[in-house]
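Attaching a single structure in structure tokens format; questions to follow.
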Amino acid sequence: MHDVYSFVTGPLAWAAFLLFIGGSLFKLGWMLHLVAKKERFIFTYMSWRYSFRSILHWIMPFATTNWKLHPVLTIVTFAFHLCLLATPLFLLSHIILWDEAWNIRWWAFPDALADVMTVVVILSCLFFLIRRVQQPEVRFVTSTSDFIILAIVAMPFITGFIAYHQWFNYKVSFILHILSGEVMLAAIPFTRLSHMILSPFTRAYMGSEFGGVRHAKDW
Amino acid sequence: MSEPVKQEGAQALDEGIEAGISGLTTEQIASVINEVIDNETGARLKTYVDTCVHCGLCSEACHFYLSHEKDPHYSPVGKVKQTLWEMLRKKGRVGPAFIKNAAIIAHTECNLCKRCAQYCPFGIDIAYLMLVVRRIIHKLGVTPLYIQDTAHSHSVTMNQMWVKGDEWPDTLQWQEEEAQTEIPTLRIPLDKEGADIMYSVIAPEPKFQAQLIYQMAVIMDVAGVNWTMPATLGWDNSDMAMYTGDNEIMGRLKRTHYETAQRLRVKRIVMGECGHAFRSVYDMGNRWLGWKMPPIPMVHAIDFYHELLSQGRIKIKQKYPEPVTLHDPCNVVRGGGLGEKLREVAHAMCETVVEMHPNREHNYCCSAGGGVINCGPPFKMTRVNGNRVKAEQLFAAKTRGAKTLITPCHNCHSGLHDIVEHFGIGLEIKFISDILYEIIEKPEAT
Amino acid sequence: MKGGREWDWEISEKRVAINEWGTSFGWVEEPYASPDGETVAAIVNVAEMEFSVCVNGKAWDVTFDKVWHLRYLPDGRLTALVSEMGEWTAAIDGIAWDSKFGYVWNPLVSEDGQAFAVAAQQDMQYCMVLNGEPWNETFANMTYFALSPCGTKTAAAVQVENAASGEIHKFKKGTFTAALEGKAWESTYVNVWGLAISPDGESLAAEVRQDLYDYTIAVDGKAWDTTFSCVWEPIFRPGTRTVVAPVRTKGQWTLAENGNTLWDRSFVQLWQPIFSPDGNHLAAIVAPAFGRWTVALDGVPWAKTFGDMVTDVVFSSDGKRLAALAKEGRFWKVVVDGKVWSHKFDMAWPPVFSPDNETVAAKVETEGTYAFVVNDRLGPHACEAAWDPVFSPDGNRLLLRSIEDGVYCRRVVPVSDFMP
């Protein structure tokens, strides 16, 4: 078991971070390369002002027409994304790992808060799952990969939650937690989770077109 | 997972589509799809496909979806799934039946109105993706008959309606004579080099609605505008080739239009009350040619009337008494930001303006735009039934007193006419110029 | 443009009070000045639905039901398209052609002004008419038109197979071709556009679309072996029958001669190629990057680019200098040999080289006032209207035609008046 632990926290962690960072950089680079090569005109329409005008509207809950149209989803999705990003970053036990490995540390959430946030992520995933199955317009465009992606996102939180509360076999759930976290990191650039990297750009482009050319709101 | 069955009536038969798919093989289809995807698309297509999380949040943007009791086949992303995703997933190896369905979806169940781009949290431009599908359909020769014929007219005559070279100046001279019975010194100056403004229209005006040219001539004359209309090709600003994916013809049309304006050395081009033409000259055709923005400023009629009214160059004799409601044409309001000016013009002209909701850039499309009405009679009910929400909106406006519906766009005009008629709403539909012509101060007839 | 030796080149001013014409007529349309500046003319309304042309205050003896497209030919003759009793024709100096038609439009003029051609429709059949002589053959439709540089031949894109509206599949098989002097090519195409006739008048070239996707150039009915995703109108190399045209491949434009690539670089856009008079140089309007425009000479773009538009590329007579107009924002500028003049205008007209090619002049407009600019120096005259400046044959004087305070003014001034 110790070997497995060493493997997932050693080489595999490196691999996961390399894939995540390298893959993300590659993904961005490839997109910009494609724009430069085939759709250069896009650069000429990009506007900082309208890019941020659009992004800011869309990262604020209820600031757009569509967020207002779906209040429950809006609350869930904002809570989900906030907790999804913040929990792993400000979890005390994660920060300790950073400290041990690199001698860097930062402020941490109280464990109880992190615990609640984990539950929020898990319940949100459940909400998304139900929405995917229940809502015809979502079900219609759902493929197996959508469930896999949802599982990839949910797993680190489910396993982390189990490990933290030391249900079942702690060691197994701990290793599974690390493993699933690594799977998620590595999957980001290579699945539709890449919307994490790409969506600011698509949003910025649409914002620039609507603001600078079409003189209309895109929210 | 089992899929719901699409709600639809008997599928329309279209000779262009049927004949187009009749000789196609999967190999030919794959070759064309891959050629278009590989050579003609780039970061946008790739990023949009990679970024879409299949959340379905675009659905409620679409009037087809809302009008079909939220049938997911009609949601924007649902249409992408039934066309482009499948083409990509199968690396182009889809059959003729699939292509037929894709042609129907892309050409008749999407108005390219871009409302969904305002509802997608990532700003994915589904209208662009549908245009890619139409480009593939064009390259496969499966474009619906009526709009293909229109594209052919564009290619031969540089106008939308097979108007021949002589018929155009002849019509203008006829309208000039007609208008001279009202204002004896009125002119429609042809090919007047160095005029301030070139006025361009779409071909249905000389073909069927010459009174619109008459009305504009009166407005120009009363306002004392130094204007001209070309007697040569380049007078028509319309563009169905943009909607059939025949980008090369689109470019040719726009080049002819702008070079004609340049030959006449005008400062600006004023265009009639048309939406798609604005998109073509402002946003699409110019880009294909390499112009970032129109090389000669394009002024839509709404903007022009606003200018004439606010500068006092035309004066209202008596406001239009009937309550009116406004339909915002997507291409000039969502596509050109003219929503406020449209309202200011309407309030300047009319006693009472009853707003429809949603409005301005959040309006529902007329369901005729994007070339859908140009696909002709086989698909008339597709767009009428596909826009029940508009009918409800119109009915609500009528209930609140509106008697007249103003829409400054030809396609909206025709499309809303069909909706008003089919659903028995009973609103009179007018262009701005119909009302302006009636209510402005004119020199007394001698 | 260079004026004739026999013209009056004395430093002087001649005036015609066109503002007085209004009292004699219902209305006076926009005036046109003759190339030598001696006369000024306008279409005038003489009675209800009765029109004539007033030249230097005197109307033509004849009147017509309608008169339009009044223009002077380079040789000084005055033309208009006229209608009488529902029939249309052209009138030159007040004398209508004997041949009458259902309609005439799109006048074409040869460089020396000796040839004047129009497109004509009679009983819904179409043909070209050169100096009053119609083609023997007529066609169901006719779209693009050309007159040979020598003025002896006319050509048009013509429809030779009938395809009713809606017959898309028949149309796609090709219903159009080109006709030189009424003789149609055997080959048919989906579309035929942008015609050019060779300098000797014997050869005809056109842009063709062979199906909905393949574009190329056809010369005398034979298409180039290579096809392209798009082409623009062809031109003939001076003194030859070889044809050059802008072509598009892989989303970029370049120039091709007889189907083979001519320039080694490509552009976002390339159009309006023009040969120097001696045929040694070739220039075109190009967009080296999206939204940036300039002129390329022999494949090399000027360093300076412009955001909106570049137009009116003109070679000097010796082919060594090149001028053009460029628009940046709302202003037009004159660009000579890649150098931008300091003055900017609301509108500018094609630059004119002096006979010795040392001086460049142009008509320009700012806020409704017209003026002349010579080598980037703005002249003193503020005019209500103006026509292109004309250099004297020795290049020392300029003929300036304008309207000031409602009076037409023919002015000959020394070019040195514009110099520091």
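Which chain is which? They are A, B and C, in the order written, and residues in each are numbered from 1.
By our rule, a contact is a pair of C-beta atoms (placed from the backbone, for glycine too) under 8 Å apart; a residue touches a chain by one contact, two chains touch by 3 or more.
All figures in this text were calculated on a predicted structure; none of them were measured in a lab.
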Legend entry - A-C against B-C, pair bridged by the larger set of C-beta contacts: B-C
Inset, instruction - Give the identifier of the chain nearest to the protein's overall CA centre, each chain being represented by its own CA mean. - result: B
Inset, instruction - List the centre-to-centre spacing of subunit A and subunit B in whole Å, with centres computed as mean CA coordinates. - result: 39
Legend entry - subunit A and subunit C: spacing of chain centres that average the CA atoms, whole Å: 61
Legend entry - Intercentroid distance (Cα basis), subunit C paired with subunit B, Å: 33
Inset, instruction - Could you list which residues of subunit B touch at least two other chains? - result: 292-293
Legend entry - Multi-chain contact residues (two or more partners), subunit A: 38, 41, 44
Legend entry - Shared interface positions of subunit C, touching two or more other chains: 251, 290-291
Legend entry - In the complex, subunit A residues that touch subunit C: 38, 40-41, 44
Legend entry - Interfacial residue positions of subunit B with respect to subunit A in the complex: 1, 3-4, 41-44, 46-48, 50-57, 59-61, 65, 70-73, 75, 77-78, 81, 117-119, 121-125, 282-283, 287, 292-293, 333-337, 339, 358, 360-362
Legend entry - Complex contact set, residues of subunit B against subunit C: 15-16, 19, 39-40, 138-139, 141, 145-146, 148-149, 152-153, 155-157, 162, 164-166, 169-170, 173, 177, 180, 184-185, 187, 189-192, 194, 231-233, 246, 248, 251-252, 255, 262, 265, 267, 289-293, 295-297
Inset, instruction - Would you tell me which residues of subunit A are touching subunit B in their complex? - result: 31-32, 34-35, 37-39, 41-42, 44-45, 54, 58, 64-66, 69-70, 73, 135-143, 146, 192, 194-195, 198-199, 201-203, 205-207, 210, 213-219
Legend entry - List of subunit C residues in touch with subunit B within their complex: 26-27, 29-30, 45, 48-49, 66, 68-69, 102-106, 119, 121, 126, 141-143, 159, 165-166, 168-169, 171-172, 176, 190-191, 193, 209, 212-213, 215, 229-230, 248, 250-251, 268-269, 271, 287, 290-291, 293, 307-309, 311, 327, 330, 346-347, 349, 365, 385
